[in-house]
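As written, the chain order gives the labels A, B, C and D, with residue 1 at the start of each chain.
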Amino acid sequence: MKGISFNTWVYGSFPTWVPSYTLDNVIVRLSDMGYDALEIGCASPHAWPAYLSAQRRREISQLLQSKSLKVSSMLPAPGGGPGMNPASPLEEERKYTVEHYKDVIRLAHDLECPTVLYIAGWIVHGTTQQQAKEYSRAGLQEMADYAKDLSVTIVIEPTSADSNLIESADDAIELLQATGRQNVKLMFDTFHVMYRNEVPVDYVDKMKDNLAHIHIADSDRMPPGQGRCDYKGLIQALKRIGYDGYLTMEIGFDKRSADPDWYARTSLEYLRELWK
Amino acid sequence: MKGISFNTWVYGSFPTWVPSYTLDNVIVRLSDMGYDALEIGCASPHAWPAYLSAQRRREISQLLQSKSLKVSSMLPAPGGGPGMNPASPLEEERKYTVEHYKDVIRLAHDLECPTVLYIAGWIVHGTTQQQAKEYSRAGLQEMADYAKDLSVTIVIEPTSADSNLIESADDAIELLQATGRQNVKLMFDTFHVMYRNEVPVDYVDKMKDNLAHIHIADSDRMPPGQGRCDYKGLIQALKRIGYDGYLTMEIGFDKRSADPDWYARTSLEYLRELWK
Amino acid sequence: MKGISFNTWVYGSFPTWVPSYTLDNVIVRLSDMGYDALEIGCASPHAWPAYLSAQRRREISQLLQSKSLKVSSMLPAPGGGPGMNPASPLEEERKYTVEHYKDVIRLAHDLECPTVLYIAGWIVHGTTQQQAKEYSRAGLQEMADYAKDLSVTIVIEPTSADSNLIESADDAIELLQATGRQNVKLMFDTFHVMYRNEVPVDYVDKMKDNLAHIHIADSDRMPPGQGRCDYKGLIQALKRIGYDGYLTMEIGFDKRSADPDWYARTSLEYLRELWK
Amino acid sequence: MKGISFNTWVYGSFPTWVPSYTLDNVIVRLSDMGYDALEIGCASPHAWPAYLSAQRRREISQLLQSKSLKVSSMLPAPGGGPGMNPASPLEEERKYTVEHYKDVIRLAHDLECPTVLYIAGWIVHGTTQQQAKEYSRAGLQEMADYAKDLSVTIVIEPTSADSNLIESADDAIELLQATGRQNVKLMFDTFHVMYRNEVPVDYVDKMKDNLAHIHIADSDRMPPGQGRCDYKGLIQALKRIGYDGYLTMEIGFDKRSADPDWYARTSLEYLRELWK
């Protein structure tokens, strides 16, 4: 296991606008708390690529280095104004989405981040499932080819709670195989697994050959240990397969009422104790 | 009163990704239901300006005309990837936001829509309230000057439930006065008023000299009549001041579980009966 | 039955501070809605006697007359800074409370209000129940003697939900008898009756010989008809005994989130239909 | 940090009337439990100034001394009969409020209490926000001048959960600056911060130059550690700025069902462990 990481959504303006902190402030907070890494949500004010000049990227890299914090992964923001749905019926949106993912992959490279998450999109009424899957597969292939040259891995995340296209482990594996690219891997999020009333340790079993990333979120997107997920069993399963990615929390971001530090601190203390 | 209108968020991918329908489909549904107008949320797949060519705009206009549906208003999508926070500490974001509003104003003009909503932004920790207000005011002035030539009115909406800058009627009035532009007016949303535990009819009283638009949403963003808001009193108050804008629902969009047609139909029946 | 009345707490600053309206504004709102009378809560900004000059009292009387609204009753505000507990262990407080009730009785007289409510107080730990009852009885006798000359009736209200002294119909009847004054009568509040899991129509039966006032409030202090109280049965019982007081709502005041007009309008429509 | 203190509301009759204890009894209970200090709520039966003779004040001082308990602070009771709203539209109320605060400041001086809290008031519908702010500022200046001679500090508390005037750190800072008095400082209450869905440690950051007092209350006004507030982070932040005021609980007082000793004891144990 590479370390424990925390996704920045709850500290940013997506999807709830406040509370919101600058990326620099979040880096300092998470590092001081004892995190090994952070997962950067690529929405403003943290990391909308077009707002980050070469100079800013160097500053962020230096701050990360001085605070001994890695970037475990990056995650584009779907569902905002430009949509960012790779399975959109709009050709303009599909093209824009591929270009945006390339920008995020480039940003990942600039911040020495090895992994970018892929949200495979959703079906707008009127598009067939088959057509949506083909759109998404074609987009992913183009992204993967671009990422390969920059040594970035793309991981497919089933997102049942939010979408209607890649919902399960099986859906993700099918897309992985259809894509046929070496730098495309798999991940899952315990919250999305529970949304389907499925069992997280079973996802370890199904995905084990290609499992490169994981999102930790208890029921209701609470910190691990605050809900009904069996994290003890999950950690054992991950050790058993020799999981060597990060444990990354993605929690609290759906609630304006969340105190981000409480989510981050509570999670870290719980997982440090559990993984020992 | 100009008519009854319905905001398209619940039919689109912002902020919940599904269910989602094309704009054409939404126009047909709302018109068939008996609406006078719709308020277009400017996120994909409905109306991200960059995805709408001149040809598409003509097609949409023709469809609207053939279905006898007006566009009451337009609303940009804040909090997604590019942020769209006019009070952002990032200069790049503030500039982009102003340009995006100009695109939306242009789109409004192309679809014969008289009104664009202004979401005044939110304070990212580290920005002072005073500085945030100045950023927002400066952005609004530039938008208003652009809108003036296109005969578009911009209405300021206090959004207490989502933001921390323009929260109340008093905040909005203060911003209106600071802006000093004739084509800037006021609106309120009954849901945001109730989030502050304030009283919608009192907002009519406070804003009456400049009230140009209104969002109708009962508690929990339910259709009017399903919660604890006194809509009978509100309609009386609007009649008393000779309100001549639209009654526009903005509801259900925060719940993936929402059946959009139920929200639209229930609201329309309730308001038609009440305004008689 | 003399008419339908509405208590002003939910429109004032006691106990929740906002929303709050001036007494003049409340008079206009309730009259326009169709109420016959209002019950004035004697806290600022409505009717703290010391803040109401002779001139202001005349103005209020004239406004009431011009809006054809009666004052059904008046109610002091217990539990605030000066306490107003007639059973207090502090002699200073007991004296102040009697003097304050006299001020309220005088105010009632000035506004042609026939009835003042008596909140019999509560036991502070260390006072015996017997002692507390004697304090309360002695205070009430002094108030009643003062009220007699001004033709004001005092009604004892059991307040089980808030206090621990006069909790039931039996407690109130016992106090009535101990007091032995002709201008002391009884009342009850359906909310307090339900707090004890007792039955409102049974209170009509027990109190019928001296029932001079009634508070209508459904479970959770909601408008009548929104909860689990059998108001149809209650109205029948009141008609059966020839009740000739007011039906007075005292609701919503414990919730800052209450829209006062919704409470008042919903209640009035419900009771007008029911009493017909 | 000067010590750990507990506010007496939950032991008194404001705003819920029972359970209620005499001030002497509360002093003994809190001292025996191990508290360093108490914050006295200035409502009867504890400390309505007019009920406390010079003799009683001496007795209280002696009891405090013999039990080694300090008075950290005093807090007037707003929203009761006399209102005590410094922003009231009633001139009589504004004057009375200033006089009452002077009485409380005098009482603080008599009991060697260094700090009096300022509740800045609320807007009654019809008063403009600007007018209300000016009323409140003028009242505060007069209080501060009186307090200066008695070496008492007045601290402004944003009370978003109850009021609509001074809601945030920014609002309080603005009022502090407008007042321009050296003995006026700032405080915040974690409950009110969370009501706004803001983050308590950020208030330390914003108020740090003038932070003289703090109220500790977890979500739902529960003891610290029972809710979702990050008290570990808060204590670290207070240590970082060298905070030298009291940690004062103000909890449970909104619930008649509260067992006051449970609230006091649970809080003390949690904070003693955390501050070590």
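Keep in mind that, in the parts below, a contact is a pair of C-beta atoms (placed from the backbone, for glycine too) under 8 Å apart; a residue touches a chain by one contact, two chains touch by 3 or more.
The shown structure was predicted, so the numbers you read here are calculated from the model rather than taken from an experiment.
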Of C-D and B-C, the pair with more C-beta contacts is C-D
In terms of CA centroids, furthest away from chain A sits chain C
Per the C-alpha centroid definition, the whole-Å distance linking chain B and chain D comes out as 40
Averaging C-alpha coordinates per chain, one finds the centres of chain C and chain D separated by a number of Å equal to 31
Taking each chain's centre as the mean of its CA atoms, chain B sits from chain C at a distance in Å of 44
Within chain A, the set of residues that touch 2 or more other chains is 18-19, 256
Contact graph of the chains (line, ring, star, complete, other): other
Pairs of chains in contact here are A-B, A-D, B-C, B-D, C-D
The chain B residues in contact with chain C across the complex are 194, 197-202, 228-230, 232-233
Note: in the complex, chain A contacts chain D through residues 18-19, 256-262, 265
Listed in rising order, chain C residues that touch chain D in their complex are 13-22, 25, 42-45, 48, 50-51, 76-85, 88-90, 92-93, 96, 100, 122-126, 161-164, 256
Chain D partner, complex, touching residues on chain B are 125, 128-129, 164, 168, 170, 174, 196, 198-199, 202, 205
